[in-house]
Structures are given as C-alpha cells and as structure tokens.
C-alpha cells in the first residue's frame, strides 16, 4: 500500500512529536564542548531543567536513554544486597526491577495487575513492617507508560512520612515530566529519573536525574561500582557549565529550545492542556464502548490512554491497519499486554485538532479492522472539549 | 489567548503545508547559478515540470509569484488593443482581467455569479459570433480558488474546436496543478500559468508557464513590451539548464524534492487522494446543514471547498475564533464574498487524519461561534471515506 | 575527480554564502499570508529594509530576482520615448541599458572601458548640456559586479545638484547593499534597486526598490504599462504589513533573520569588515604579480576583486581547475570579459579565515594551472590584516 | 570584541564539523522506534557500521558518549580483580585506566611520556613475562587525541601473537575510526570502542563497540554487574533492527547519512585525505619553527597535530586570542599538558581550503599573541600539498 502523503501521526506515548522549532535548534553547528559558548549553554539548560523538575537541587543530564538514568539512580545510591521496595504498576516497573536485580539489589516487589496505580497504603504497610529500616529505597514509576495509570507521588511521600521510614524515595518521571504535575522539592523525592522524548518534546538521547541532598549523601556511601553514571564528577564539571565527558551537544541545543517553549506556555497551562486532551480521549473510548485499561478514574493518565481490545481481536493487527491506512503510529501492548491493548499517546507538542485527527484515525481503523464498537467517539470527544472551549473563548473576549 | 501548542493547521487553499522534506531540501547551501552543479539542477526541474503539466513542450520557471506568470502570459502573446475572451468565475478571474486591462487589452468578460464553473457553451457561442477572429485568446481559470469551482478545460478546448476558432487557449492552473487532472498537450492549451505554493507543496516564490509552439509563435509577433518575462532569453538559457538572470536557487532545490514526491506517489494517486478528501469535506458540510458555494455538483473542486455562512453570521469572525481557539487558518472570502464564505483548503501534502482534524476544528468552531449548524459533520466525513478505505484495505491484503 | 569533502567555498560575487542561521529561519513552516502573524512579519521586514537602505521612505519587496527590480524602476517612473542617461561601467550596466531599450527608452550611454567607475564629471557635463531637461533619469550601477569598480554615488548626486538638473537619480545597489556604504536619503537617490543574494546573505528570490517621494510622484505620470511591478497596489497593501499578491514567505523569514544579523553586527562594522577583507585580497593579487581589473585605487570594490589573467591563459580553464581540485567557485568573466578575468567574491557572511582559505585556493590553483605568478599572496594578505588585527586585540584587552 | 561573522572554524580534534547534509538528516521527524520504518533504519546503520570498522562481527550502538563505550568494554568482558595491561600514551589512556580502576580492575600501566605511541615491544615483553596468563586484556588507545600520536595496532596484534598470549585486545578507536586505517577483523581486535563526533562527522551522543566472538564468549563469564551496557539484550534486539531500550533516533538518522558520505567518498580516499592534510599541517608547524608534540615521525597522527608552545607562552592565552580575533576553536592541552600545547584538529569533514584558513588563523594568532615564530607556515603547507595536487590534476585530465 502506498505510503500516505502529509504528516505522519506519531501518537505513541513517546517519543512524542518533536516541534519543528526544536528540530531546527538541533540543526545548529556543533560547538567546542570546552569553550565559553558551551558553558553558557550548559548553565542555561541545567537551570531550565531545575524549573521543570521544580527543584532547587541538582539535575544531572546524561547523554543516554532513560534506561541509563534508571541505572544511575541505582548505582549511585545503593550497595550490593541492599533491599528496596518497588511496585508492579506495569511493564516499565517490571523492567526497572529486573535492572535492580541485575545489580544485586534485593527487590521487594508489591504485585499488581497492571490496571492500577501504586497504592500508598500498601507501601505504608510494607514500610511499617520494616522496623529495622532494612529497606533503603522506595522506587515507584510516576506515570506507567505501559498502562496509562499515574501514581500519587505526594501521597506516597506522605505514606513514607507516616511510617516514619528513612528510605530514599526514587521516582521514574520518564513519561510524566513536562506533561503531568511533578514537584521534586515539595514532595521531597530523592531521585527522579527522566528522559528527553516525552513531555520535553525532544528526540530520544538525553536522560535526567534530579537528586536531593539526601541522595547525594547516600551516593557517598553507596558501594556499587560506577564511573559513567557517577554523580561526583558530573556535579563538579556542571558547576562551570561543563560535563566530565563529551555531552550530546546538539540535543542540548534542542533542550534549550524545548525548555523555552515550556516556559512560554507555562507549566500549569501545559498540564491543563494534557488533562483536557486526556479527558476528550477517554470520552471517545467510552463512546466507542471500549474499555480503558486503567481501572481507577482518579489515576488515569494525562499522557496516554491504553485501550483494551475486545476478546478475539488482536491489537497489533489493528495497529498495523491504522498504520497502513492512515499513516498513524499507535503504541503497542508491552510485556504481558502484547496484543491485548493499544495505547494512544496524547502528550508533548499536541493540540486539539491533532488529537481529533488521531481519534478519527482510531475510529476509522476500528471500522476497517472489523473491531466491534459504536461510532461517534470523536463527537463525544468534541463535546468533552466544549465547555473548556467556551470558557477559553469567553476569557479571550473579556 | 495563549497560542496553542503543536502543529498549526494551515488549511487555506494555498499556500498549502510544505512537507518537512521539502523544507529540508530548501535549507541546502546556495550554489553558483553559473556552475555545472546548477545546470544539473536546472535540467532536472525543467524536465520534472513537464511531467506535472503533462507536456513535451517548454515550461518556464520564474522567480516570481503566480501573478507574475499571469503577466508573462499576457505580455508574451498579445499586442496593445488585442481582444480576449475571459470568464468571470470569481475573484481571481476578475483580477486577471484587471491585469489584462492595465496592459491595454480589450477584454470581453462573460459575466458570472461566482457560484459556477466556466460554461463551454457560452464560450463557444461567443467564438462563433466572432466571425472575424478578432478574439486573440480565451483565458480561463481552471480551478477558481476563490469559489471552489473547477472548470472543464477539455470541454472548453472542444468548444474552441467546434467553433473553428484560432484563438489561443490560456489557462490559469494556479491552484489545480498537481492537485487536479490537467493535461497540457492533450487539451492543446497554449499557455498554462501556475505557481509553487499549492499542489506543488512549496512555499510561494516560483511561478510557471507551460507554452505551446503556437504560443511561442504568437510571442514573436506580440507587441507588448517585455524583458523580465520574455520567453526567448529564458528558453535560450534553459537549453543548458541555466537561467538568463539569477534564479531562486533554494526554491528550485525544494521544487526538485517536491517533484520527486509527486512522482513517487504518482499523479493519478495524488488526484484520487484530493478527490477523496474533497468528497469527505463536502459530506461534512452537508451534515452541518451548511451550503457549498459552488452550485454545480460536477464542478466542485478537489482542492478547496467554499462554505456559505448563514445569514447574519460573519465568516471572518468565525475564522478568527477558529484561529484563536484551535490554531487553524481557514481561507477568507475574497472580493465580493468577503465575510460571506470561508474556504477549507484540502490540497497538497494533506491526508485523511489532517482533514479530520480540520473538519473537527470547523465543527467545534461553528459551535464556539454560535453559528447554527447540526453536529456530526466529521462522522459523515468518516463515512464518506469508509468505502474507499475498505477497498484500500482489501487491496493491501491481496 | 572525486568531489572534495567539507565545505564548498562559494566565492562568487553573489550569491554569497547563506548563514546556516538564515537557512534555518527559511525552513520554518509557511504561514497564511493573509493572517495576523504574517502582518507582523511584513511590518518587521519592511521596517528593517528601511534601515539597511538608510531611508525613511518606502522600500518595496518583490518576489523576484534583482532583474525584476531593474524593470520595476523603469516601468514605474518612465514613459515611452523618455530619455535617460546611463554609464557603461560594465556588464550589468550594459544589461540594464538593454532592458531600458526593450521598454522603448532612449538611452544616452556614456561609454566606458569596464575598468573604471562612473565619472561624476562626465555625468555633470551631459546634464549641463541638456538645457531642456529632456533627460528624465540618471541611472548608475553603484557596485559593478562584473568589474569590481564602485561608483561614487554621493559625488554623482552632487553632480546633478551642481548641474541644477531635475532628473531622477536611479541606482543599482544590487551588490553594494549591506556590504558597502549606501545612504538613500542622505544622497537623495530616487530609486535604488537591490536583491537578496549579496550583502543581505539570503538565497536569490527577493528584490527590492527603495523609492523617494519624487519617484512616487513620477510614477503617477509614467505611462509605461505595469501591473506586477506597480508601486501603488504594493504600498497600499504594505501599509498593513501585507502584499497585493502572494509574497515569498519563506524568503521573508530568512530576510527577517538576515536583517537581525546585520543589526547585531552593526552596518558600520559590516562595511569595515568588507573593506578589510578587500584590502587583504588586493594585497594578495599584487603579491602574485597579477593585475586588478579596476584601474582606480579609490574605486576598487569592497565586495569583489576582478583579476586579469595573463595573456594566453584562459580564466575559465583556471576556474574549472580550482573547482575540481579545491571545491571552490570563483566568478567568471562576463560579457566581453569572458575568459579574461576571474572574480573573487569577498562579500556577505565571510570572515578572515574563510578569505585566507579562498586566497590559498587561488594561489594553489594558479600553480596547478600553470599560470605565471609569484607565490606568497596569502602572506601578503595576512600582513595586510595585521595592523587591523593588532588594534582589535588591543581594543579587546582594554 | 564583536563576534566575527561567517563560519566558525571548529578545529578541535573532535567534535569535528558536522556536514550540513548530516544536520539536515538529523532534523527529520522522530519515528516510532518499535515500528517497521525504524527496523529498516536500524538494520542499515548496523550494517554500515560494520563496513567502517571493517568487520563482519557485531557492532553495538549506544545512546551515550564514547566514555560509555569504554565502560561497556570493561563491564562486559572483565571480572572484579582481573589484571589488564594498558599503555600510558596520554590523557585519554590515563582516563580509561582510571575508569578500569573504579571497576576494580588491576591495571598494569606501562609508563609513557605522552610524546610517543604505544610500543609493541614493551607490550610483548610484558606478556612474555606473564607466563600464567593472568593478564586478561591488553587495552590500547589507537589515536591518542590528547597528543597526536597514533599507535600501531597491527604490530601490537603481532606482539600478542608472538608472545602466544591469550589476552583480549581492546582498542580505543575514538578518534581514529573513519579518519585513519583501522581493520577490526584483519587485526583480530576483540573490542573496539568508538564514538560519533570525530571521523563519523556526527554530533556527540552515540558510541560504538565492535566485538569479536572471543569477546562475546568472555562476556558470558565476565562477572562485573551490567545492565545498560549489556551486550546480550542488545544483540538480541539488534537482530530485528531494534534496540532493547529507546535509541537516539535522530542521531541514527544522521549516522545513516554520514555512513553514506563515507561510502561515497570511499574509506581509502578518506584516509588519504586525512594523511594529506596532516602532512601539510606538520609542514606549517616546522616552518613556524615550533615543535610537534609527538616525537616519532612514523606515529604522527593523521587526525590532529599537537603543537608545543615555546617556554614562557601559555597555550590557552594563545587559544583565547585566536578564538576572539578569528572565531576559531583550537584544542586545549589536557591533563599535564594544560597550557603547554595546543591541538589543531584536521579530521572529519574538512578539506584543503578549510585547513589553509585554519593554518592562517594559527599563524596570525601567533603573531597577535607575540609568540616567537617564523612566518610562512601556510606557504610550506601549500607546497606540501602541491605534488599531491598535481597528481590529482593529471588524474583528472587523463
């Protein structure tokens, strides 16, 4: 089948579409990473990252994927045989656990059905029972990209506090940062892990950790071997706007531009936009008569919506039809969800009309693939947007 | 009101959205327009343009807007006081006539109501009455961008033939070339005028004329003064791939890429795509209960659809609301249609999902602006696409 | 021979190398040329052009080559049979004259040997003899791109004044604008013609005319036919930031950026840089023992240097060797200078080290082509830069 | 001091200037890294990397700096307490050793004065004395970027063979790959480490390891913890053109383009070009009367030339003057060479004229900084290029 002309709809839950403005910034000539112009770039992006994490503490930028930042969180803070508490929110929580195990960490993994967020009460319960404070860290995925459930980090922080437990709180903000409300300092998170290709609207290739003073202190006694991911050399070089080894300069050019865009729109506006588009998406799914994977209304993600396929229908066959007919990429089901769900990304540089095109593509794809559903999802989505639209109109007229 | 994030929807009937692939091609470093590398570029784009016009005769490329190509058609072929026959299909036909008048041409302008295509019978009638063959040229707009009516050039050619009239046939293909079927040689058109920013998917800045041998012959006796637009110097320089004055090199880089894209998709496929999206758009307009400006079903344009606003509602107020709320540009009503119609462009590098986003934006905009309409236009549009979609799916599976 | 890797050296006297910053600006998505965002762009570039021309009077921007601006100057101000005075400074003056003749203008062409600038005394003499003021305009090329001679416009203005002659003063600033000092209002020029691909550092495709109130007045009585080039419609539309027909939007994006760059560097600094590099180039030519085409030291151009080939050596063979061996484009000899000179462009976005690479390429090319010369041109060029360099160093240290 | 206009001369020994063609390729919209289009990209770049390493064995691509590839080499093949043999060629060898020590490796470091390449005889001697084969790996830097000495890997391979020692041979090809002859399979190297921003002409952000079957076997028994750098998951995913975690898609777009460029030019031609430019650079340094850091003529690098500053003159002050006056970045002295040398990079997308500009900048900078030297370096460089130029000219004419 001939490839469709016009814009590809990249509606996976990351990488999100990179604004042309960011692509152009990345296309600038590379510069000397030891020169004065670089130092200004370094300082600017490091400071900008603090704003997005809402922290006054250090943010570290790695030339690496988000997976590398997971590793950085582990190897800097823990020691062989350390015990940590993790929560099985979905595929990515499972992968992070596997990584911890590879590093010799003893993981207590609170089981989950991949349809719920992390439960603060369950965490609190585990911590209360750990009278000897053997648990060194609680490690949670904020927005589980494989399921579309977002976990309540503020409440998890409160759970630690109530339990009076000194464990570090480490949070994967891979797909939440820049799309959903995240408050590093206010929530007293110790290590937050993130990456470039989601809410930050960049191509993949950069990852981030925001670290607290407690985490830095822990890093001094952590006994896992480390070099590339080591925080000390990083922070030393960062003080002058430089990096201890060659940084990914052109992605940093893009980062500077993306941070400027987030700043221009305002983080609160960005979050409200994501919430609005998520609401519309869920209205469409309900109108189609399909099931949203995440079973808790309060924890449905502003970033993506995972949709359960009716029995007997393969999600990947459906996705292929949508790709072939409408040149749109939807997210696949990961791990044990393979073939059972598809995921609609509604994050990053996306607006109402792009979402409407996306939902139309899903609706036409369901029809083309012979998946039982009711039509009219997009009408429901438009209605869901309507009150919001009206209020923006009135605000504009005022 | 804060600017929406994500892609702007540029749904005016030209300029059409420029594919990123073309923008990147245009961003190549400029080259010496007298060197050997340029000659290869020149030859390639001149040959490619012949394919799009479906002609084996010369195509001339000007560093100019389409308006310049209108002027080139006039000044090369006519002499002061010459009589020509034009048809009032809408705003652009009217502007072309004004230009001809400025050049001292005596224009017989067949009146029209801006809701119909040019009528071959009326043309034939005029020509038959011109026993002395005073009429030097019949000048028609193929696709009237201001109204969304497309005129039947093959039938107009037949009208000239039936009348046995030797007038030159000059056609404005500004918004049809590369979007609607146009056959320069088969229809024996003498001068076709076009531009870069519509079906050719380029930014504005280039214009084209395809000329027949008869037109070239006429140019030798035409007595209007000319220099910049002169065909002789152009054709002489073009023979080696060069231009008589500095060409718009970077737009030519883009043209080479755009021609390659049209070639890859195939002109027939391109036309079918435009027709399909136009059908869906008209289904939406009907579902909204609004009126399509062009009153003849057979002559509704595959390129754009002009929609009549209900009485008492200003089209430009509606367009402003759509721009403010949904970051989408729709076409304004031109000339005497100002405020009375808006135009939806569905041309160039556009696909189904972008159109669905567009129609959703119109539907939400109608609601936001308080314009009386029925909802569900986008559902009608999806249904209109459905049979086509099914057949593509089966073709793909076969 | 395999193409060299790395940067092509585009050292023709236009198009000059386009800064990547400008190319990136041009790669922005095209916008609706009737929308509010465009109006801001239009106003900004129109205002910026006034700064570069140093005028408070209107500047008009055409989607066209510089040749089109020549035509605009003629058709707006003159009438059939009008007499004008032109000066044969070289190839481009000759072409402009040919164009005027095509438009039915009676040109009094002061003969020249293509090795000198226009002579104010000769102009004054002609004007004094024109007691009846039949001469409607004096038309001069400021920087003759074919020869590398720059004419003294201020003195020519004074010549008109001394002669008390009311002729319009029309100046071709094609290759001087943005590279050499030009003062539209101070010198009371009536029409200045320019283009995008020289000092403005853009690709070709835009042309400009700066017009005085006298020229506007003249345009109202001028009786040459005109439409595309007509000033009235232009100025009317420009008042709102718009254009009467589709403008070359993406080149205007580039223009905005290029104007910002000129403003950041400062016009005086830009002119000083051009002068400095021209001095170094001429020092190299003298060291090689070759002859500079322009015979008047005071009128050698800051923009380009035309070098006379020794007898028996073909300039174009030499240029081809330089292109093949060193991937550098030098300017060819134009018109009667074909094969006899080559031209080194040192204009636009160029700096000391690029010029040194250029001169090294010429010196190695002379050796490779077996052209008799002395080596060491580049050493002479470095020495010529040296005092300037020292003073910049001291300024920096201060 | 105002920033110079025109191209920055980025003449550090990496990052090398990124060709605009590569920058444009990187500016393409990001794609779904789990979709079919990505698989084609993945397969293409993995295959292309094998060509550049001259290997039929796997090449692994990390979203990371070259430093990450160093770590990958260590953690995949070694176990805590393992003994390895390294050679102190300069700063980067020293850093690699520090990293190995952090990972608990016992490094036997053959001392060096940073002015010589690695000595195969010394390595052979060490290995012969290691009768028990305690040494698990010989780890050598091919081209020492801090000194400009290139070590003879083929001879080191022969030394291992003569010693009959089973140690793995691990080579840092960070700044040699794509610039100097390197033959992974022929020389039976077990792990070669490289990165994107040198001979591959990309921005930083990708790193590479080419691994032998022996290295893969070793990785199965290596007992250092690893996850991000683990080869097993990589190779499994790579088999289908995918990656086990999100790859740096846009840098891979650039890589595809850069590999195509190397293939078009031909690796042998690329190496010859580097050798030619290095010869010219060294001729200039000798003409200036300055000392080349690397004391062995046979081991002077084709990639960069480190120049010793005369006593009492600070290299970084000189570099700052060159940056301020001529907008050129030269490499700083690293580690114990700080202030004592500057480094001229002549690698990647560079040609004769850019090098001449570079050398002119050094020569003018030496004068401006008051560093004692003889003038005429650039003349010597041109003379050094001359025979080569002549032969290319004759080849071209034939």
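For reference, chains read A, B, C and D in written order, and residue numbers begin at 1 within each chain.
FYI, a contact is a pair of C-beta atoms (placed from the backbone, for glycine too) under 8 Å apart; a residue touches a chain by one contact, two chains touch by 3 or more.
Bear in mind that the values here come from a model prediction, so they are computed numbers and not experimental data.
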item: Chain labels contacting chain B and also chain C; value: A, D
item: Of A-D and B-D, pair with higher C-beta contact tally; value: A-D
item: Computed distance of Cα centres, chain B from chain A, in Å; value: 45
item: Distance from chain D to chain B - Cα centre to Cα centre, in angstrom; value: 54
item: For chain A paired with chain D, centre-to-centre distance based on mean C-alpha positions, whole Å; value: 35
item: Chain A, residues touching no fewer than two other chains; value: 17, 20, 24, 27-29
item: Chain B contact footprint on chain A (complex, rising order); value: 1-2, 4-7, 9, 17, 19-20, 27, 261, 265-266, 269-270, 273, 321, 324-328, 349-358, 360-361, 363-364, 367-368, 375-376, 378-379, 382, 385-386, 389-390, 392-393, 395-396
item: Chain A - residues contacting chain D, complex; value: 8, 10, 12, 14-15, 17-18, 23-24, 26-36, 62-68, 71, 99, 102-104, 195, 197, 203-205, 224-228, 230, 245-251, 323, 329, 332
item: List of chain D residues in touch with chain B within their complex; value: 20-21, 24, 27-29
